[in-house]
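Should a chain be cited, it is by its letter among A, B, C, D and E, assigned in written order, with residues numbered from 1 in that chain.
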Amino acid sequence: MPNPTKLTVSHAPFLHDGSEISNKQYNIIAATLIAVIAGLLQYGIPALGVLTLSVGSAMAWELLMNLLTRRPVSIGDGNAALIGLLFAMLLPAVVPWWLVVTGTFVAVVIGKQIYGGIGGNPFNPVVVAYAILMISWPMFLDFNAALVDYQFDFTAGFPLVLYEAYGTAGLESFSPGGLLLGQQAGGIGATFGLGLIIGGIYLILRGFIRWEIAVSFLAGIFITALCFNLYNPEVYAGPVFHILTGYALIGAFFLAPEDSSSPVHFAPMLIYGLLGGFLTVLIRNLGAHVDGVIYAILIINLVHPIIDKIRPKAMRRVMHHA
Amino acid sequence: MGDYMVLIVSSMLINNIVLAQYLGICPFIGTSKKMETATGMAGAVVFVMTLAAIITWCIDTYFLKTLDIEYLRTIAFILVIASLVQFVEMFLKKSIPALYAGLGIFLPLITTNCSVMGVCLINIQEEYTFLEALTSSIAYALGFGLALILFAGVRERVILGRVPKPLQDTSIGLVTAGMLALAFIGFKGLV
Amino acid sequence: MMKRPFFGIATPKLKYDVIEDVQPEPVTVQPKQRVTLFIEKAYDRADKALIKKGAAVVRGQRLQLFDEDPAAYAICPVSGVISEISPFIGMMEKQMTAVVIDTESDREDDRDTAFKEVSGTPSIEDAARFLGRLPGKPDFTQFTDADRMVKTIAVLGADQDLQSITGQYIIKTGISSVKTGIDILRKITGVQNIVLVVAQHQVQVAGTAAAGVRSVGAHYPSAHPEMIIRHLLAEQAEQGQIAFLTAEAVAGIGAAYNTGELPLEKQITVAKKDGTRQLVTAPVGTHAADILDAVNEQIENGDRLIMGGPMTGDAVYSLEHPVEPDTEAIMVQDKETIVEGTDTPCTNCGECVRICPANIPVNELVRLLDAGEYEQAAEQAALFSCIECGLCAYVCESRIPIFQFIRLAKHAVKRMRAAEEANA
Amino acid sequence: MREMVKMVIVLTVLSSLSGGLLAALKNNTQDRIDSQVLTFVKGPAIENILEGANNDPVNDRFSLKVEGEEEERNFFVGVYDGNPKAVAFETRASGYGGDMGVMVAFNVESEEIMGVSVTTHNETPGVGATVETDTNFKNQFAGLPADAEPRVKGDGGSINAMSGATITSRAVCKAVSRATDLYQQLQSQIKDKVKTFTG
Amino acid sequence: MAKTIGQEFVKGLWEEIPPFRLVLGLCPTLAVTKSVENGIGMGLATTFVLVCANLLVSILSGIIPSKIRIACFIIIIATFVTVVELMMQAYAYQLFQNLGIFIPLIVVNCIVLGRAEAFASKNKVIPSFADGLGIGVGFTLSLTAISAVRECLGNGTLLGYSIFGPAFEPFSFMVEAPGAFICLGLLLCIMNLVGQK
């Protein structure tokens, strides 16, 4: 007489710690909020427009690709929204609408979906999208030009442009405290340093980003900038300036530690971050680009599969046991 | 010395032979699916490209230019490269079998690797001196190897992903190579 | 489901249960109408079988399936009549034979005496012949395998899986039998170095067994044989030179030679839906349904019944599933708390890599397995270093059933290699 | 052995056929190629700096031997209102991405630089390559005396470098200096030759 | 399975169209397709070399000893490449400048050597001619298509004429190196999609 109870049958292990992709994405979104709100207060309605358009279009592209590739709809996991949000945080408050939509298309479709969706992309989609736009339409992403209509009670210049043009002489009107509180021109969500740091620490404590990457990225910037600064303080700015300007903080906490495009072993994570920080300052001080973070992250994304092979040897082969 | 530094960085990274000059793309795409083949190809290219660049430079300077028959450059260079590859193959097989085992199967492919011929032509076009030509061709070759190995690392990973069917293989390979080129733009101006 | 801690910066740690925290008095369960035994051999030639449907059997009787394979047998835990013999497919397509015996309560006290006759002179051959299906399932092939030179025997008194306290109970209550068993093992195997591996808090009790004692850490999977070899016995012997036996099995060996009768009752930990544990003593072959009845555990449609612990056990589809000689625990999981696996790809978050006790690059491994590259996984991503602890799947953010993937892949690779060898 | 001989014969015949064909072709196209090179490589630069000339400077050219150089250099003459008053020629200097060619025009009457134009360069796109289009930068040279040795401000001169492209700017200055040197050296010969071109 | 002359020609236009189906000759495909003009120029130059080399190889295939056949093919191809080089310098100098070293590099284009080795040396003159022409025209068409996409998006023009009007901000990424790779990759995907059905 068989017992009629229908049992659920699946595979070991039968416990799970309850982590899930969507939870992580929403937490990262939450962690950006302080910086985003500060940005919205500073730049007003146009920034809100850019932000909503970016998040909305990113999700729309994701949905479209889900339907085209006949895969399960994945906009619920929040990853597309996060991509849209981070992308908007990098943009100036005033940009044409088509630029935002093209950017999210590149990020979501070319950066992520054609690699098979979440987890497949070897490069951070947001960074790829921003780099491509920077090549195509640098004039729209020039903060000084885009924010020309704004009146602020502080020097409203993009510090790195002034640095590129005038060296340390261009930086006299910026104080570390002011930079930390967002008294600089820059991306919607990239200027309010304090908010980014708080968000980053929150994510590190909750284990949603790998602290090794964020910390070593900042350490890389600090050490390299310090070396340059000591070599020639007249020409090269100090480490604090480098950390508080441009995309350094958003890069360290939100762009470089993106799961799919970064290593997972301990030593590789440190190398990855340090290399990123080093390249950032190198490109800013010597290279042709104003901000090095975007390219530095692309380059470390590129080398991550190789450095991730530096890992502890696996335990020897297991023999069978009773 | 500083000039040579500039030459090395620009040939290896900024004007990378594959990613900025569009040369040697067929082997770049073809041998990057596995790390082992990529390193083998990279080694073979460094070896042959350096040799070929030196020899063609000498031929061009001391033979073609003195006889004023530069229009035969294409034909002379390709013959030199083709026979060089044959010669290197025979030489390795006889005297360094270990190296031959690693590089052997890539050598014939190099004849049609346009980056080798390309670097020889660039050396002439830029009117490099012998030492400059030597430096630049080693740097170009290392740049090719670097790009190839980095690309293989990324590609090994991409292949395992759930890439949609029509994009698989070469298609996604090219897109990824594009992103590699994008990353290399970051080196611009770095000297 | 266990909650991920709010501050997730460190890797999560899973603690073993400690017997002091659990109601220690076992409930004794008797099978109600029938028991089921598994014999590890395909039932492919019914006409050649030594046991037939309808035959009467008695407690302690050795049931061997075919004449030519003395290793494929079961020990009958009750007296009764064989009512059914049928093929049974276990995990990983394992071909087995299920033997169902209807109990006859009037012959309850009948005993088979075949073992008693040989028990006066202990020998490894007799042990392999009669004691291989003792509760705890001692594997005597470890000592007969010509390729392995066993130099050390590790007696495992700590529980391998979470939520089980069976091993600790044996150490606590049966340490004298364990001691007897160890003495007999020395005699029959010739291996002098025998260590007893127990949980931290039982070192004192275990010391009375007069063997080398080692204690394992409080966190899963430190009691896994591979971890024990690596961390506790590395200096003593090479991998293949250590044999493992559970404390329950060793205690059983001691009891068997002491009394001349085969112990048939298994100690099992039942982990209930409400999170409490209950020790149960039941004959091997008792159906899960009987045990759950005895501890008043209700099971409904959609719930999950797990033979074994939560990390390494097997979910079964029938309440008729019997207790096997190596079933340490039975776990019931409410359908509300079941976390389903998904088909989401790996996001490369790296949690698995950081928690893996064997240092396997799990992120790479799971990608290779997802793409079906089993051979490559074995060569590049250390597939066969996996000790099958299940922690990777426990922390997986994408909820990929990694553990199952690995088991399937190992199985597939072994089969492929076997096929290659056969062709070569 | 026979095969060996055949191989050698086939290769020799093929090579000589190929060589002969190409040599013939080369001879027949040589002149056309030369004029094409002048028109397209130097042409735009010449037209740029000799703007407003009534003649075709690419056609109205003469060549002079420069001491220490094997090949003769081409000089292009600009005729304004029937008056041959301008001469342009090319000098080279090492820029950021390799050799750079700069065409410099002189007014033989007022002994001033008339204009500067880049013929060939290999500079970084977006940075040094703006030298092609950056008229503000190039206009700084016009009007300098024909014996000037221009330097960028960083080197103690008066020329404002293009932003972010100091090396390129420096190379242009270097090339212009070489041109003024050469002009001083060949001044009399040039003036004689120029006079022969009267619109 | 003999094919007619027509079939030999047509297969180069679809079944074996380079570089989409035969993934060969990628370097010129990426390098010269910034503008349609360059694309067509490169395509025609390659076609010329392909046809001539195929013709000559198939004529001489009986005479050439097999051991040195590759060397002979290379000489033949290199000769025609030099012919193209000289002619282009003389009559289309601007195109010659735009295509740069990719003209001499036709000699190492795997398509040309590949066709000589795989087809012309084993077939009669007329099929070889058809094969060379078909592959060449196919290559030209591909280059035209790729360069049309890149010029349109990257520059807002087609053959130099503005097509989107002045309000269009060109997506200049398309004419840069990374854009070339990504554009070709995506076009390849579209070809695969079309081919599936």
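Everything that follows uses one rule, which is that contacts are C-beta pairs under 8 Å (C-beta built on N, C-alpha and C of every residue); 3 or more make two chains touch, one makes a residue touch a chain.
This is a predicted model, so every value here is computed, not measured.
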{"item": "Of all other chains, the one whose Cα centre sits farthest from subunit B", "value": "C"}
{"item": "Dominant interface by contact count, named by its two chains", "value": "A-C"}
{"item": "Identity of the chain that, by mean CA position, is farthest from subunit E", "value": "C"}
{"item": "Euclidean distance of C-alpha centroids - subunit A vs subunit B, Å", "value": "34"}
{"item": "Where subunit C and subunit D are represented by their mean Cα positions, the distance between them in whole Å", "value": "87"}
{"item": "Mean-CA-position distance for subunit E and subunit B (Å)", "value": "21"}
{"item": "Rounded Å distance, subunit A centre to subunit C centre (Cα mean)", "value": "47"}
{"item": "Where subunit C touches two or more other chains at once, by residue number", "value": "345"}
{"item": "Sites on subunit E at which at least two other chains make contact", "value": "71, 75, 78-79, 82, 86, 176, 178-179, 182, 186, 189"}
{"item": "Residues of subunit B touching at least two other chains", "value": "71-72, 75, 157, 161-162, 167, 172, 175-176, 179-180, 182, 185, 188-189"}
{"item": "Contact set on subunit B toward subunit D in their complex", "value": "6, 10, 14-15, 69, 71-72, 75, 126-127, 188-189"}
{"item": "Touch list for subunit A against partner subunit B, complex", "value": "69, 110, 114-117, 119-120, 122-123, 128, 131-132, 135, 279, 282-283, 286-289, 292, 294-296, 298-299, 301-303, 305-306"}
{"item": "Residue numbers on subunit C that touch subunit B, as the complex places them", "value": "345, 367-368, 370-371, 373"}
{"item": "Subunit B residues within the subunit C interface of the complex", "value": "157, 159-162"}
{"item": "Complex interface listing, subunit A residues touching subunit E", "value": "96, 102, 110, 114, 132-133, 135-137, 140"}
